[in-house]
Each structure stands twice: as structure tokens, then as C-alpha cells.
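The structure follows.
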Amino acid sequence: MKRVLVATGGGDCPGLNAVIRAIVKRAQQEPDWEVIGSIESFNGILREPTEIRVLDERAVAGIHVQGGTIIGSTNKGGPFAWPIKNKDGSWDFVDRSDEMIRKLQYLGVDAVISIGGDGSQKISQALFEKGLNIIGVPKTIDNDLSATDFTFGFQTAVQIATEAVDKLVTTAASHNRVLVLEVMGRFAGWIALHAAIGGGAEVCLIPEIPYDLNKVLERLKARYSKGKGNAIVVIAEGAKPKDGSIVFAESKEVGYSNLRLGGVAHKLTEELKMAGFEADMRETVLGHLQRGGIPTAYDRILATQFGVKAFEMVLEQRFGQMVAYRHPNIVAVPLSEAVGQPNFVDPGCDLVKTAKGIGISFGD
Amino acid sequence: MKRVLVATGGGDCPGLNAVIRAIVKRAQQEPDWEVIGSIESFNGILREPTEIRVLDERAVAGIHVQGGTIIGSTNKGGPFAWPIKNKDGSWDFVDRSDEMIRKLQYLGVDAVISIGGDGSQKISQALFEKGLNIIGVPKTIDNDLSATDFTFGFQTAVQIATEAVDKLVTTAASHNRVLVLEVMGRFAGWIALHAAIGGGAEVCLIPEIPYDLNKVLERLKARYSKGKGNAIVVIAEGAKPKDGSIVFAESKEVGYSNLRLGGVAHKLTEELKMAGFEADMRETVLGHLQRGGIPTAYDRILATQFGVKAFEMVLEQRFGQMVAYRHPNIVAVPLSEAVGQPNFVDPGCDLVKTAKGIGISFGD
Amino acid sequence: MKRVLVATGGGDCPGLNAVIRAIVKRAQQEPDWEVIGSIESFNGILREPTEIRVLDERAVAGIHVQGGTIIGSTNKGGPFAWPIKNKDGSWDFVDRSDEMIRKLQYLGVDAVISIGGDGSQKISQALFEKGLNIIGVPKTIDNDLSATDFTFGFQTAVQIATEAVDKLVTTAASHNRVLVLEVMGRFAGWIALHAAIGGGAEVCLIPEIPYDLNKVLERLKARYSKGKGNAIVVIAEGAKPKDGSIVFAESKEVGYSNLRLGGVAHKLTEELKMAGFEADMRETVLGHLQRGGIPTAYDRILATQFGVKAFEMVLEQRFGQMVAYRHPNIVAVPLSEAVGQPNFVDPGCDLVKTAKGIGISFGD
Amino acid sequence: MKRVLVATGGGDCPGLNAVIRAIVKRAQQEPDWEVIGSIESFNGILREPTEIRVLDERAVAGIHVQGGTIIGSTNKGGPFAWPIKNKDGSWDFVDRSDEMIRKLQYLGVDAVISIGGDGSQKISQALFEKGLNIIGVPKTIDNDLSATDFTFGFQTAVQIATEAVDKLVTTAASHNRVLVLEVMGRFAGWIALHAAIGGGAEVCLIPEIPYDLNKVLERLKARYSKGKGNAIVVIAEGAKPKDGSIVFAESKEVGYSNLRLGGVAHKLTEELKMAGFEADMRETVLGHLQRGGIPTAYDRILATQFGVKAFEMVLEQRFGQMVAYRHPNIVAVPLSEAVGQPNFVDPGCDLVKTAKGIGISFGD
């Protein structure tokens, strides 16, 4: 009997369970393979007692419809930075990667499939360099990885953000309000860009196109001059003004900026008011609503393709590689070429042109 | 030709358009009636030039599916407190009610249907006392009016809040998080109570049942002791601790408390952390998402019943009365008995017992 | 340790799992009770080996969001008509009720909660008369039981049917079509009536109001004469013409009429064409889509109330009674008074008046 | 002032309105262009009096969220086959294309954008050959056009079909049923293939892979032998058995086969029963529910890209060409190369392999 271990790491993303189910269903077609899952990314392997779960047909029945991941996930711990609390309350982080690889051998694990974001895949690459038979499956709800055309979870987030715009539009129109909707996107504005086009916003502010507050005001005032006292502004949480007046210091702890949820929406609202814009403004913050719930059909299908491919890469022993979607194919790319290669919105790309073509202002 | 004027006042509420459509469709069955709408509550009548819109079959086709109101709404102005800006920038508020009643006569308006919340119905009652032929249709998304068993919009808000809990549950479970969801309800906790039962929360905090932070901690820790590091807390925006440590001063301007959107969720999260609760906590704030969008079938039907009844009350000249739902009938109640009679959650009611019966803690 | 056994019988209905979860959650608050489930109604008890499932917190976690029932259901078998195949291929039905009651004693079952429709509750009543400690929970997606104001599942079916009308309306309008939608309702037209009002149909045909084909034609032609070549007709599967030209023979096997799914929609379409109506007509049949999927918040809450009440009735030993919703309370009613008391649409009721008030024709 | 005329032809498809809105919004950015729409494809031009509608900002506000098309559509008539009724009741079809081109000149139309399926684009090509300045925008809900990677409407249909599977799955599981779902796809099985993967079906039958009834039975019986008495079968309306026992004669009138809605699902159900499969089987037919309603975000965005591109092709005078999506770009392709080039499911393609990888049987 051969054994493949699956782990899911990082923030939540609709489609994780569909990947797990596809791996298990594909593995069942091989007579001599079984699938196990490590609970909460690799932490399940590192804990005593070990926390693993057998993933058979029964365990994965119907899970492709559910958000979350049945084997848990976390941003903390992992083989290269295991936290140990000192007597004085401070934390040390120790490298337990060699120990983990030995433990996997002891558990009879022949291959590992690691589903996770860029941080997780850096760990995959490092483990591969230490000799582990590992395959990566990319996961980023922000769609900000250049190695793959699309990642699962993104379309679900776009759909949820677009439906939020739909809900706000009628209120804005009947109550003469400017409604500011903050969506995910600390470094990449894909969700904001898609939701602005899909939902019908007047203004879309994203990290890749620093905005000029006066340009935003102009666009909103132009709308007012037409007798329409309402507008929808979609703003990515990492949007920033051209003049650099907002600086988000990188936080060392989580690798993210120090933005509070809703911070950028609130800031913009305040700025517009200070600039003399008299409209009745309200802000809405989607937050975790974008990461949860039932994946769209699109994401379930893409996630299923990723899962089937990942297991087949195990069979083909294509270790050190990552699944990717290069339209219209599902392919394998070396982890070494994929990690750390972000995919930002190019201000001159077709989709931005489309957005400008229907009158959306980026404040540039 | 006889003429009925419709106005919609106050905050947004799914079902407003369904009421308008039902009034128009019912009026069409009478040979000699037409319906007109005043834009942005009664302000359309008071403005120069007058802003009214003829509401015929074409104007209302398909609008019952849409959020918002096709004749606009507002919280500002109105016949008894029309704002006038002084030279020094300050505001005076003048009574233009007599002028408005004359203008309605001049426009040939035989009756008025005013769709709005408690504030609007107080205005309806005052106008009725001045001799205006007016009928009220209650509108409160919080379901906090004792004169009627249910109001339209409420079930839609509950459905949206419940679906938000659904989205958060899988993330909470797979990422071991306590997720705090703030829903509407400054004075009445109906939406929070329903969403906590419907979605499956562990804790529900509402204005009517001041909470003891220690009791909330106990409930969450009890769950942790069972090995579940996750929970959903649904909190109404007006929830407050027993010890009175949070006091919301009433704001004179809007008649509402001075809560910032997300304030109570953020406050609770901070308090729990300070009390030593180590869980990974995140807050989500629904805000205006609860007020907008497509009404549920339930709300469309109730709103349609209200609209048909309101017009029939015009035919029957039952002025000074308000439509109400007294299960299973749609009835008329005197405005004088209906206004200012709030409907709060009784801590001993069946629904709270049901909630406690499935283990939901109110922190009491 | 005391033991309550739960069984679900009859057709699918959104909310069954929410009832089961509420029973289990409420029982957990009593120190000495456990809940078990019989698989596929009472058949699990009658089979060898017995098929029962322990229903603990883990078993019911999150199930209130799911359609179906985790303990299975069926229309076949049961204690009073257990099928036995003869050598010649024919079937005999034997009474195994005494045997079942003995088996329940042997299993240490102190009380039984039977969730099911009118047929199931007749069995409950018969078992109660034989001395079994049994409580009934009503289940009918058609809302056709007079003992309770509403049953869970109904609002979900109405929501699904209304959303189907929403989807058809835009196609009908842009393609000048008459679209006929068949919804559930063999004997009671509640779903059709609600969906016609909620969705905005022109014609609604239900079993309780036999239709005159000429009146239906008149309504559709009147719409044509206004230049609108489109309409939505919502038809309950048991709708029938006044002239008695369609007669549905009762089928002995399932207790239902011999209608084929889609039969009534197809029949009406043909009839209208034969009557010379030249419109482009298409039919759509919802079928099982109305019975499945995620319950609305309303149904989850009502089902939770039913479940909590049912278990409390066990504690109070109110056997031979059934849970019912008598607005605004959840009450207990004797099974003997509840079974066989259908709830049909009264042609003169307020809701039919509302429907006619917005111009919906019933063909009468 | 220059003028572009827009027409929408053929069956309904979510996203049509988003294309129209994008054309209008993009045209507004050019100082000297206006957009008009011909009602019900080109028939609005051919009728007396002419039926056209000015498409300005107000006309298209918010329409991208709606199904259908605000300028109407039809499968009948058109410039090359205008129907004329003879005295004996028979029909003749006359070529009015020259007359239509003259009428467009008379109306001051500088360019035409024709949004429609393969039949419509054949007409576009023929009109282009006669000298008309025409641009095509492809529309096929079945995604069966090889010139473009995806068409708008398809993802919405897939989402609706997948959600239907979701609704059926819980009923099938709790009631031990085999549920057969018929989805669109007379010649191409893309919707069935996607919904089977996205929803989680056991069997998927499509026109491109003729099925062997015995293989279908084997798959279902294999599931039964595992103790699971339930399954979902997704079947495209054009699916057919290998042995040729079902032959769909082509209908001359509409260019489609003579299938009755639900025919193939009913046929398969009967066949399985006759083959001795004893399961409780039910069929469900989606029909027009797949064509209507609110487009998904994906389809709104793709439709918006098509609309912006189409108008820019007018500006660039790229007549005789059609908009297409060649990932990741929106491009122009000659109509002459695009029409009549269908896109069928290749039985050896990656997506079929994915489906087989998770155990879906195609009966081959």
C-alpha cells in the first residue's frame, strides 16, 4: 500500500475541499494507494500525538460543496518555524523540518500534496530540496500568482463581491448615497477590478493604480452634475493614494500590512468628506464573507481539475512541481519557478481598458 | 379622476417597491383612480418645482423584485422640519405642513399613502390630525413595531444575516477561529436572534438582554474544552454589557445612537482578548448589505398584501389608520395606537427559549 | 440513561435535519437522555440487523443547513404494512406493529418522535393507541395541514418556485413568450398561490379553484391586446378544469394521483394551442428541485422550534400529541385531532383576494 | 452624429443586456456617436412602422444585472426569410435584405452590431457580403462555437445546473433514489459535463459520447453494491445511445431536433427500468430555467468585454468581423472563419479525463 499525505495551509479559500475530494476519488482508481490528511497544515504531523485523518470515499462524500477544509488549516507553525514559548513569555521559532521528514517516512508516506499559498509553496520548495516527494497545489483567493492563469476560490470571491455591489446599488440609487465597499486585495486588485465591472461601480481603487483623491472627487461630482446623487465605490483593502499620505508598514508577525479591516474604506470616506464632498456616504466591509461558503461551479471544477492532476503528478513522480492552469490545459510547473512570482493588475491590461471603457474611474 | 399620492420615507427596506406595485395594480382595477409618487418622501411635494412621478403599469412592471424604492427615500426634511440654511452656516427647521396640505389639494390629491417607519408614521398621524386623508404602511427592517406581527424586509434581512453565518461557519471550523458577526438592531435584537438560530451561532448578544462578558467567555471556553476552537458570535449593533461599561449617548441629529458601524463587534473582540481569551478572533460587519437587494418571496408577498390593503383602505376612507398584519389577517389599526409602540424581544419569549434550548448563550 | 428514538418518514422536505439537530441539542441539556435515529423511517427498527444510528453532537453538527435527512426516509414499508414478496412475485403486506413495539422496548427506547406527513402521523396515532410513547412532528411541504399555521419546508419551496418565476420573467418579456411553470401541489395550491404573487404571474391555477379555459384565454388575450405578448402561468400539478375534462384517478400504490411530472403543464399548453392561442408557449417543471437543497432561514428556525418543543413534550410525557405552530406560539395538539384534517386554499381567503387585487387570474 | 444599431437574435442568454450596456457606455465616450436598438432582432427595422429604441445612459442603467434583452429577441423572421401568409394559410418566406440595408441607410445607421448565435452570424456574414458595415458578437449558451474560448451565458447555465444537482443530491441520498437531471445541450454536452463535475454526479451522458445502457447500469449497480442506493445522472438533451435506438429527426422549421423537453430524461428512466434496474427513479428537467435570470459575475464581465470591444471595432471599421475571447485577450476574428465552426466536447479532452478521474461514467 502506498500512501499520499495531503495538507492545506493558509487562509480560507472556497474550493479546498473540492481539491481534497478529487485527490481521494482519483486515488481510489489505483488499487494500491490510500490518502491521509495532516490536520491544520503540517502541524498535525509535528504534534504529539500525531493528528492525521484517513481520507476515504466516505470522508470526502459531498464535501466539494462546502467551504473551509475538512483537514483544517492555519497560518501558524509549520516545519521551519515551530513556535516554542520561553519562560519569560517570549517566543522562539525552531526548524523541525528534518524531524518532520523522518516522521513522514515513519508514517509510510510516499508523497505529499501541499495545497496552499505562496508562503506554503516556499515551504514545499524547501522541503523538496531536502528530498521530500512533494507536489504543490496553488491557493490564492486574490488570484495573484503569475504561474497559473486562475486559481480556485477567486471566482467565488468575485461573485460574492459582485452580489454585494448588487445589494448596495438599489439602496444607493433610492437614498442618494455614495456607498463605499471594501473588498479583499492587499497587494493585488483583481477582486475589486472584477467586482467593479460585474456589479457596475463608478469608481474602483486598487493597489496597482495609486489614486488621486481629486480625480475621484471629479468623477463623483460629474455624476452629481447629471442629477445622480449616488455612486458605488469599490476599494481594495490595499488601495493607496498617489501622494503617499497613507503608508502601510509591513507587519513582521503575519507578513501582512497593518491594515485594520475596514480601514481603507473608512479612510477614503473621511478624506472625501474633508475634501468638501457633501454626499451621504456609508461604508461596507466584506471581510471574511468573501472567503467562506459554497464555491461557485467554476471554482469547484477548477479545484477538481487541480486535485486530479496533483494525484496524477504523484503517480508520474513529478515532485518539486506545482499544478497550474494554463488555459486550456492543466499543467505542471517547477515550484522553483512558481514561488514568489506575483501576478499584479497591469494598469494597461485589457480588463482595465474594459473598465475604463464603461466609465469606471481608477482615480488616475 | 381621483388621485392617490404615495411616499416612501426612512432607511432602505426590501419590499418597498412591492408595496408601490401592489397599490398601482390594485388602483388599476378601479376605473377612476390614478397613482402618483412624491420623490424622496414628502420632499418631492415641498420642492420647487414639485417632483412627482406618475405611477402607471409601465412604471411598476417587475419592480417587486428590486430593492430600494423607485420614488426615492430620505431621512431628511419632511413637512414639519424643513431645513433652511442660515447665513452663518447654521440650520433652522421650519414647519411647512400647512403649505404641503394646500399643495396636495392644488395637485388634486384625494388621499395619501405614507410608507415608512415609526418616525414617518408620527408625521402621518400629525398630518391626519390636520385633516389630511392619509393611510400608513409600516416599514421597519428591525421588526420592532408592536402593532403588526411582521413587517416586510425583516425576513430578507434575516435571510442575508443567516447566509452570512453560513459563510463564516466553515471558515471558523477549519481555521479554529471565533468569528464575530455584527448585524442590525440598535434597540431590538430580532435579526440577531433569528440569524443566531437559523445560522447556528454559539453566542447571541442583543440590546434587550445585557450581557455579562464572563458568561460569554464561559460559553466559548466550554466549547474549547470540548476540543472545538471555533465559534460564531452574532451581535446586534445595540448590544451592551450588563455593567454599563458601554454607554451609547443618543445623537440628536438622527435620533440614533452614536455607534460607528462595526463598533460593537470590534469592542467585544477587544474585550474578549483583554479578558485573556486567546482565540484567533475576526469581526465581520454586514451593514447596508442587510437592507438591499432582492426581497425574499415572503417579503414580496407580505408587501403586496400591505399595498393592496392600503389602497382598499383609501377606497373605504379609513384615514388615520395603518395597515398591519395580525396573523392570519391583514387589518387596519389606528395610527394613534400604533406609533411609538415598539416591539422588543421579551427575554422570556418562546424564541429565546428555543435558542437557549439548542445551547445558544445570551451572556445572561 | 433514557433514550428517545427519532424517525423521519415520507417525501423530502427542507428542514428535516434542523428538527433532528434541535432534538439532539435540546436533549444534551438533560443529563440522562440520549437520542438515536431509526434509518429510513421505522424500517430501520424492523430490519434484521436493526439499523439505528446514535445521534450525538458530532452527528448533527451543521446539518441544519442541509436538505434531506441524515437518518434517511422512505414512503414504503412501515409497521402496519410491511411488504413480503410471495413466490409468484406478488406482494403481501403484514402488520408488524406489535413486534416493533417489543423491539423498541428491547432497545431501551423510552419515547419516539416521528417526523412525517399525514400518513406518518396516522401511523403515530395507531402506535400511540397500542401504548407507544410517541410524539408527532408534522412535515408537509405543501402546507396542507390545518392543525398548524405553517410547516417547515414550505417557505423554501415557495422561495425556489418564486426564483424560478424570476428566471422565466425576463425570458418571457424579451422573447414574447407565455411560459407555463408547474409547481408542486396535488391537492392544495399554496405553493402556486404564493409563487404567483411573489414572482409576479398573470395566471395561477390551483386544485381548489377549477379553471375555465376560456377565462384563462381571456386574461392572456387581454394582455396581448395591451401589446404585451408575454405572460407567466403558474400551475399546481393538481390543477383541473371546471368541465371535468381531466380526471386524475387515485393510484392505490402510493396514495397519490397518477399524474406524470409535467403532465398538467403540458396539458394546459396543448389546450391553449387548440383553443387558438397563437403565442409561443413553453413549459417548465420544477419537480424535485422544490424539495431539496438548503432550507431558508425561516424554515430552519421553525424546524428548530419544532424540534426543541418535541423533545420538551417527551420530558413532559405529552404522548399522543403533535407539535404545531399556532402563531405566535409552538403548541401541542392531540394527534387524534390533527390527522386527516387538510388545509386547502379557501377561494375567498385574504391571500386569493390579494392575488386578484394585483390582477392575477385563477381562471374562475 | 454617427449612429450604431444593435440587434439581439435567437434564444435567451444571460449577459445580452450587459453587452448592450457596454456598447452604450463605451459609445458615450465618443462625442459624436449614438446607439439605437432594433426591436426583436432585425424585425424592428423591417416592420412598418419601424420599431427602434434609442439606447442612452438612462435606458441601460442597471440592466447588466437582468436576464433577457431590453430590445427583445426572436428566432423568427429576419432579412432573408421574412414570413408572408398566403390566402390558403401556408407561409412563404421572402428575401428583404436589400430593403433592410436601404432602410438602415435611410435611418442614418453607420454600423450594425449583431449579437446572436451561429444562425444570426450567418446572416451577419451575408449582410456584410452585401456591403453592410456589420460586427458580430457571438451568443451561445451551449458554448459550442470554436472561434471563441468562452461565450457569456454559459457559466450562468452551468451554475444553475450545478445548483440543481446540489438540490437533488440530498434528496437522492436520504431517499435512496436515482435522480435524472436533463440539462441543455442538443449537440454539445458542455453544460452537462461541467455540471456533472461541479455538482458531483455519478453518470454524465452527452451527445458526443454515445452511451451503452449496460455500462450505465454497471456504474449504478456498482454503487448499489457499496450500499449506496442513490445516484445523480446528468443527461444532455441530445444524449443518445450507441446502438442508435433513439433517432432524433431534424426538424426543418427551427433547425433543431424534434425532442420534447424532458424526453431524453424520461426515455433513459424507462430504459433503465426495463433493463431490470429496480431503484426508485425520478426525473427533473431544467428547461428554460437555465437561460434566464441574473447572470453570474463571470458572464457579466465577459459580456461587458465583448460589448466594449464590439464598439471599438466599429470605431476601427473592422467590419465583417466578430468579437471573440482567446484567453486572455478579446480579439476580432473574420465572420467568414467563425460561422459554422462548432465546438464539441472532445471525448479525450482534459475535462472529460478529470470527470473520469473522479469516477464519473459516460456510459462508454
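Per-chain numbering from 1; labels A, B, C and D assigned in written order.
What we mean here is this: contacts are C-beta pairs under 8 Å (C-beta built on N, C-alpha and C of every residue); 3 or more make two chains touch, one makes a residue touch a chain.
The structure displayed is predicted, hence computed values, not measured ones.
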Ask   = Among the remaining chains, which ones contact both subunit A and subunit B?
value = none
Query = Between 0 and 180 degrees, and as a multiple of 5, what angle does the rotation take that fits subunit B onto subunit C by Cα atoms?
reply = 180
Inquiry  = Counting contact pairs by residue number and requiring over half to coincide, which of C-D, B-C or A-D is equivalent to A-B?
reply    = C-D
Gap in Å, rounded to a whole number, between the CA centres of subunit D and subunit A = 32
Query = In angstrom, rounded to a whole number, how far apart do the mean CA points of subunit C and subunit D lie?
reply = 35
Request  = Express in whole angstrom the distance between the two chain centres, defined as the mean CA positions of subunit A and subunit C.
outcome  = 41
Ask   = At which residue positions does subunit C touch at least two other chains?
value = 163, 166, 169, 173
Query = Which part of subunit A faces subunit B closely enough to touch in the complex?
reply = 8, 11-12, 16, 40, 66-74, 160, 163-164, 166-171, 173-176, 179, 261-262, 282-285, 287-289, 291-293
Note = Per the touch rule, the subunit B residues reaching subunit C in their complex are 21-22, 25-26, 28-29, 62, 64-65, 149, 155, 158-159, 161-163, 166, 169, 173, 194-195, 197-200, 294, 296-298, 300-301, 304-305, 308-309, 311-312, 327-330, 350-351, 353-354, 357-359
